[in-house]
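So, here come the structures, one by one.
Look at the two complexes coming up: chain A is in both, with chain B in one and chain C in the other.
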Partner chain A sequence: MAAISLDHIRKSYGAHVIVDNLCIDVQAGEFLTLLGPSGCGKSTILRMIAGLDSPSAGGILFDGRRMNDVLPADRNIAMVFQSYALYPHMTVRQNLEYPLRKRRVPAQQRAAMVDNVAGILQIGPLLDRRSSQLSGGQQQRVALGRAMIRSPDVFLFDEPLSNLDATLRAHMRAEIIQLHQRLGKTMVYVTHDQIEAMTMSTRIAVLEGGKLLQLGPPAEVYARPATRFVASFVGTPRMNFLPGALVPGGFRADGLALEIAVAHAADAVRVTAGVRPQDLLLAKDGLPARVTLVERTGQETLVTTSAGAQTLVLRLDESCKLRIGDEIAIGVRPGKLHLFDEASGERLGNDDCHP
Partner chain B sequence: MTGARMLRLGGRICRDVLVWAAIGLISFPLVWMVLTSLKPRIETNGYPPSFLPSSLTLVHYYDLLFRTGFGQLFVNSLFVSLTSTLVAVLFGIAGAYGLVRFRFAARGLMARLVLFAYLLPAVVLLVPLYVIVASIGLNGSLWGLVITDTTFALPFALWLLRAFVAALPPDIEAAAAIDGAGRFAILFEIVIPQALPGILATAVFTFIMAYNEYLYALVFINADQSMTLPPGVLRLVKESYDIDWNLMMAAAVVITMPILLLFALVQRHFGQGLGAGSVKG
Partner chain C sequence: MTLATRNAAFGYLLMAPSVLFFVILIAYPLGQTLVISLYHMSTLTRTGEFIGAANYTALLQSGEFWNAFGNTLIWTVGCLALQLGLGVAFALILHGKLFLRPIARALVLFPYLLSTVVAVLVWQWLFNDLYGYLNYLAEEYGVVDGPINWLGQSPNAMISVIVVAAWKQFPFVTIAVLARLQGIPKALYDAAKIDGANAWSRFWDITVPQLKPVLAMVIILRTIWDFKEFDLIFMMTGGGPRSSTETLPLLVYKEVFPKLSMGSGAAIAMIMLAIMLVFFWIYAGQYDREESARTR
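And now, the complex of A and B:
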């Protein structure tokens, strides 16, 4: 178990800046997720923690000890790759043994450790197969086993589940959560999948363009997104956004007969209001809109509507009888409006939401 | 039988006939070579020529191996080819790995220079290489040939191997680095086993290149006991006033053997993607 500090990390190739002045403290035993779209620098950050890439500036510290010049092999980390990165010319057993061999663990002990890990991950019957003969899920298990086998201080995951089908992904997600609970090791997990980030993490770091936008527990990131980008990236279906302005009465949406009283009313400040689909409801004297799409998942109904030039998505329950073309009126659940500065995208106000 | 099925069957027969015709055309000289080497001499020059020999004889092989200097030529050729293949592949794999995985100034330029060196016609380097080899006292020696053959084989091997190494997923090497492998362990335990089909293919091509090399062997070597097969066999055949076709064909068969053997040994590695399935997406 180790605490990791990223201290003003910067990574650039020539003029191309990939990670810019990043500071993150990962606590010992924490499950931290780096969440962001592709190209946001999250994998580069992970590779720098692993020692596969070195930062252009700044320090990487494990328990306060500077690791910049320490080889990956000497950092006592394990990494699980998106591609699994098993050694194709070796059997499963040889794959699991490889890190032990490199650390000169005696053969007898090695065998016991392989059996132990194989038992936990239920890959015992596969041990003598070549890794290239395994299915994706089995390969992922072996990759996990190879990471677990030598009890590293830190586990690094680089989008380990994105090549698996949906069922297997949910299953492996649960296994990784259990692994974290059982081992209590520090884990840093890179993903672009916000469901993975929400369900697995102690804290989430949301990144865009090499910059840290928000760092906090999943519930906080969801309830109080720090920027418009975070708000749009976290949560499915996506949050609705309405351009508008703060006026003395509250928020007024552009071109719509919608005005909502908010505490931070000011004069003529341009803002973007965000409201999640489940915080929109049918109201008698609400905003008139026309239904353009109805999607029923069985337990809920997603209703896409157009109001003026805007598109709003509502999340209603399964008993909803709306059909395409219906005229409805939409209201906003009190206190569920998020306001973002239009120019900077920053969240306005510190409350959970605006009353 | 419907019309469509007949048409399909007809097409297949046509295709098979064409394929067999092509095979026959290509293999005819080889078959002729083998048959001639087994024919009695009297039959070889007869008219009309006979395709199948009336009686088989191994006398030409006996003559070749025990009455001429062919055995020495054969040993010399194998020595030169195997040594230069070994050197070229060994340095080629290390160089290819370096060119693919390390970032350094003018990396791309260096790779292109290697190709350029390979593209130079052999005859352009003949005089400079002769001067170099002579100045270190290796003219007339098989080691001189090893050096010149390697001069051409190494860029070729490097260029081929570079493509094979570049096709390997870098994640696997990153995993090995994290698992505790150093650079050499990664090269020998991770890269080479994965690139083995490519390495074997490169070795075979390099071997054939050195084995067939004629110009340098002709210019550098004068003494009979240091001669390699390509110029040596020519001399063997030209020594007698009229050409001994049976002896020549027997020599051709024996010369072909190592290549055939090599292909037989490594053919299961050709086209077999060892890396298949290790990395997805």
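And now, the complex of A and C:
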């Protein structure tokens, strides 16, 4: 276990800044997810923690010790790659043994460690197969094994589930969570998939354009997104956004007959209001809208509507009988409105939601 | 006609041109060569008597044939070794961070693009014992006292032709190996760095195994091509001095044209074909293994 501190990290190639002045403290034993769209710098941050890239400025500290000039092999980390990066000409056993061999672990000890890891991951029957003969899921398991085998202080994951199909992804997600609980090691996990981030992490760091937007437990990021971007990135289906203004008495949406009383009412401040699809409901005297799309998943129904120039998505239950073309009236569940400053995108108010 | 037979008929129609060309350009001449090799036949009259395997037994007892056979082995192995060494070395250099890499890459291809005649003329000038640049340099820097007879003396002549051939052919190896090098996933090296492999073990544990299939391919292809190389040796030395660079293809030529012994030449050609078939068999096996490894 080790705590990792990223202390004012900056990474740039020439004038192209990838990570800018980033500070994150990863606590020992924590599962921290770096979440963001591609190009947000999350993989670069992970590679800097691993020592595969070095920061242009700032310090990387493990338990307070500066690691900038320590080789990847000497940081006592292990990394799992999106492409698995198994050595294709080696058998599974040789792949698992490789990090031990390079550290001159005696053969007998090596065999015991391989058996142990193979037992945990249930890859015993695969040990003598070539890694190139394995399926994606099996390869990912072996890659996990190769990471586990020398009991590193820190596990780094670089989008490890992106190349798997949906069923397998859900399965491996659960396995990694169990692995974290079993080993209790510090894990830093990079993904662009907010479901992975939400389900696995103890904390999520949401990044955009090399900047940290929000760092907090999944529930908090979901309930109180710090910026409009975070609000749109976390949660499926995506949050609805309505441009409008704060007026005395509440929020008034542009061009719509929608006015909602909020605590922070002020005069003529331009804002964007956000409301999650499950917080919209059918209300008799609500905002008139027309149904444009109905998607039934079996357990719920997503209804896309257009109200004026705006599109609003509602998440209703499976008993919903709406059809395309129906005219409905939409209301907002009390206290479920998120307000963001229109210019900066910053969240207004610190409470969960606006009443 | 059912749909299946109609499709099949159309398929045969599409294949017909290639089959026709194969028969006219490959199968027929091949059959003819085999037939001729069983005759005592003059190149000029193209008539002669059937003598069975006599051409073959005569060859297997002739010193000339075995000399050419030995020369062919030395030539093929020598060319191959030198080409591989140069080719892999240049590929590794070009794969690394290099100033003006695009230009360097284009330059490396240059010998391969050069016509054999031009290459031979240039090298003959370099090798010339009286006014050649190599001897001038060697003497200027005091490496030798007098001029070296690069091409007119054994074993210098064989070494010289091998050097020229390797110089001309190594870019093929470079391009093939470089393409593979660039296809090796970077993540493998990253994983190895984290696993504790230094630069040397990364080369041996990742680069070399990844290059093995392409090297096997290159070795087999180049063996087949070098084995039957004719023009370069013929123009450089004509097989001399005293048949010390006379390889099997040159012997075929000598039998068929200066000696007008068509049957004997055809017999050597058939023996060469048999040897190359063995290599082709190995190549085909390797190719199959590659393919199945890829599709697995």
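One rule holds in what follows: the second predicted complex is superposed on the first by the 355 of 355 C-alpha atoms of A that agree within 3 Å, B and C clash if a C-alpha of one lies under 4 Å from a C-alpha of the other, contacts with A are read in each partner's own complex, and residues count from 1 in each chain.
Throughout what follows, a residue touches a chain if its C-beta (ideal position, glycine included) is under 8 Å from a C-beta of that chain, and two chains touch if they have at least 3 such contacts.
Everything numeric here is computed off the predicted structure, so don't read it as measured data.
Partners chain B and chain C, brought together by superposition on chain A, clash.
Set against each other, chain B and chain C touch different numbers of residues in chain A, with B touching more. Of the two partner chains placed around the shared chain by superposition, chain B and chain C are both touched by A:Tyr98. Of the two partner chains placed by superposition, A:Ser12 touches none, neither chain B nor chain C. In the superposition on chain A, A:Thr202 makes contact with neither chain B nor chain C. Applying the stated contact rule after C-alpha superposition, one finds that A:Asn163 touches chain B and leaves chain C untouched.
Shared-chain residue A:Gln278: touches no atom of chain B or chain C.
In the superposition on chain A, A:Ser131 makes contact with chain B only, not with chain C.
Annotation: chain A residues 47, 50-52, 71-73, 77-79, 81-83, 85-89, 98-99, 102-103, 132-133, 146 touch chain B in one complex and chain C in the other. Contact residues of chain B toward chain A in the complex are 169, 171-172, 174-182, 185, 190, 193-194, 196, 274-281. Those residues of chain A whose C-beta lies close enough to touch chain C in the complex are 47, 50-52, 71-73, 77-79, 81-83, 85-89, 98-99, 102-103, 132-133, 146. Interface residues of chain C facing chain A in the complex, by the touch rule stated above, are 185, 187-188, 190-197, 201, 205-206, 209-210, 212, 293, 296. Partner chain B is touched in their complex by these residues of chain A: 47, 50-52, 71-73, 75, 77-79, 81-89, 98-99, 102-103, 131-134, 136, 139, 146, 162-163.
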